[in-house]
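Next up: the structures, one after another.
Look for subunit A in each of the two complexes below; its partner is subunit B in the first and subunit C in the second.
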Partner chain A sequence: MKITVAGETKEFNEGLTIAELIRQENIENPDYITVSVNDEFADNENFPSIELHDGDAVEFLYFMGGGSYVIL
Partner chain B sequence: MSFSNEQLERYSRHIILKEVGVKGQKKLLNAKVLIIGAGGLGAPCAMYLAATGVGTIGIADADEVDLSNLQRQIIHATEDVGKPKVQSAKETINKMNPDVTVNTYHEFVSSENIMKIIKDYDFIIDGTDNFPAKFLINDACVMAKKPFCHAGIIRFQGQLMTYVPEKGPCYRCVFKEPPPKDAVPTCKQAGVIGAMGGIIGSLQAMEAIKYITGTGELLTGYLLTFNALKMEFRKIKLPKPNGKCAVCGENPSITELIDYEQAECNGV
Partner chain C sequence: MIIISKDDFQKIADYALSELPNEACGLIAGRIEGNDKIIEKVYLLSNIDKSNEHFSLDPKEQLAAVRDMRKLGLLPLGNWHSHPSSPSRPSEEDKRLAYDKTASYLILSLMDKDKPVLNSFHIDGAETQREELVIKENKL
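The block that comes next holds the complex of A and B.
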């Protein structure tokens, strides 16, 4: 199935969850991101159970401070 | 208010724009913009707003200029090291444009003082470097019904969004709460390219100018992200507020300002 991740459409296996997508995409600081699927926020607690479907568009929104430090 | 010959010349490149004109320039000269944080983002933002002729600029920052700031905080110069950032910023702005009145607040914003500080301003710029301040600014602006532009930068990346009351999501709609202070380790030095502040801080100034002059479309309901390594801007559509936000929702659970504890990072 095809899923658009941060604007880029890629091929994934059926049954992919948000948690698995985060792992496959090597997302930095996965505990502190916001995810939207088709312009709806996904609850962070449900990342392991939310399955993605063909044609979904996923965005990762990152916490960003104002300078040279990063939250881990 | 009528323009002096000097002002007509100084702002001629604005006045010639049909989106600004004499009317827009008057709005800018009558406008009051508050910049919280005179650092990587706030420095370039303040300079462009000053050059633009925003008539009143407030600057809030508790810090003094440090040598390690100068790589990106271009409103301060080598001779300013050790000076309060608000004073150094004010001196630079005064040299740039005598039309601008600068109000300085040499203090950290907190639940105690923020409502009083933002009260008289038309638009607020979040140029802060830490999450407690970012959430405080958001919540205060939501409660006081003030528009503001959030931004963040790190390494080669930056982002910004503009909150306008009743017009779109707030920062807390997107990021529910700050990362906990006791997440171990909470933070590390990551570095940032100085020009990132110039790019994103200038975009914040652009949002303020558009808001004041009523021109174009704001980043309300969108998060603009910039990746300098890929030289890629992305305008990400944000979900519409669903009424459940803890501060801007229909039954907000946050009705008083919160002073979150700062993770153990030193100033940025």
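The block that comes next holds the complex of A and C.
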């Protein structure tokens, strides 16, 4: 099946989950990422159980945050 | 070195001032020439924490920005955020949440609202290194 990952269309085996895609794509710091599938954000806890389908478009977004409340 | 146009610097400063008392945040994108990063577009995003001491980018807006960068052929260079009442340097929280040691983390201090101070940093764990930042008069 074909899945578009970060704008690039690639071939994957059927039954691919988000968790497996993260492994196959060698995503660094996976604890920091949010994943969208066809513009819908997936719950991180469900990455191992969410199966992807032919034609899906997946984006990996790194959480970006911080703050000024502890300046030494 | 990282280079930003005066217009883009002003855009960030104006937005950050308009978001007071909360922190403001966004993304930067552009091109890399040798060792220099040239910012060609700044993205003004929503701080979903709506806090004066913390920020998180809105993921939906972040996704839209990433797609815009892709469409324009720009590279993601890092992010920026404001410190409404503290200096332009990374906090412990900034360090804790900085996962990408190659990214530029721009911090705008609004301690003096008439003279916002912008600095850029590389953050690698607890280590921070100031990156030379140049504000250029003309559009890059």
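Following the convention adopted for this analysis, the second predicted complex is superposed on the first by the 63 of 72 C-alpha atoms of A that agree within 3 Å, B and C clash if a C-alpha of one lies under 4 Å from a C-alpha of the other, contacts with A are read in each partner's own complex, and residues count from 1 in each chain.
As a convention for this text, a contact is a pair of C-beta atoms (placed from the backbone, for glycine too) under 8 Å apart; a residue touches a chain by one contact, two chains touch by 3 or more.
Keep in mind it's a predicted model, so treat the numbers as computed, not measured.
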{"item": "Touched partner set for A:Asp54, first subunit B, second subunit C, both or neither", "value": "neither"}
{"item": "Contacts of A:Glu40 with subunit B and subunit C, given as first, second, both or neither", "value": "first"}
{"item": "Contacts of A:Glu11 with subunit B and subunit C, given as first, second, both or neither", "value": "neither"}
{"item": "Contacts of A:Tyr32 with subunit B and subunit C, given as first, second, both or neither", "value": "both"}
{"item": "Doubly contacted residues of subunit A, that is, touched by subunit B and again by subunit C", "value": "7, 32, 34, 36, 39, 41, 59, 61-72"}
{"item": "Interface residues, subunit A side, partner subunit C - complex", "value": "7, 28-29, 32, 34, 36, 39, 41, 59, 61-72"}
{"item": "Parts of subunit C lying in touch with subunit A, wherever the complex brings them together", "value": "23, 25, 27, 49, 51-57, 59-60, 62-63, 66-67, 70, 79, 81, 83-87, 89-94, 96-100, 105"}
{"item": "Contact set on subunit A toward subunit B in their complex", "value": "6-7, 31-32, 34, 36, 39-41, 59, 61-72"}
{"item": "Complex contact set, residues of subunit B against subunit A", "value": "37, 39-41, 72, 127-131, 134, 151-155, 157-159, 174-176, 179, 183, 185-192, 223, 234, 236-240, 242, 263, 265, 268"}
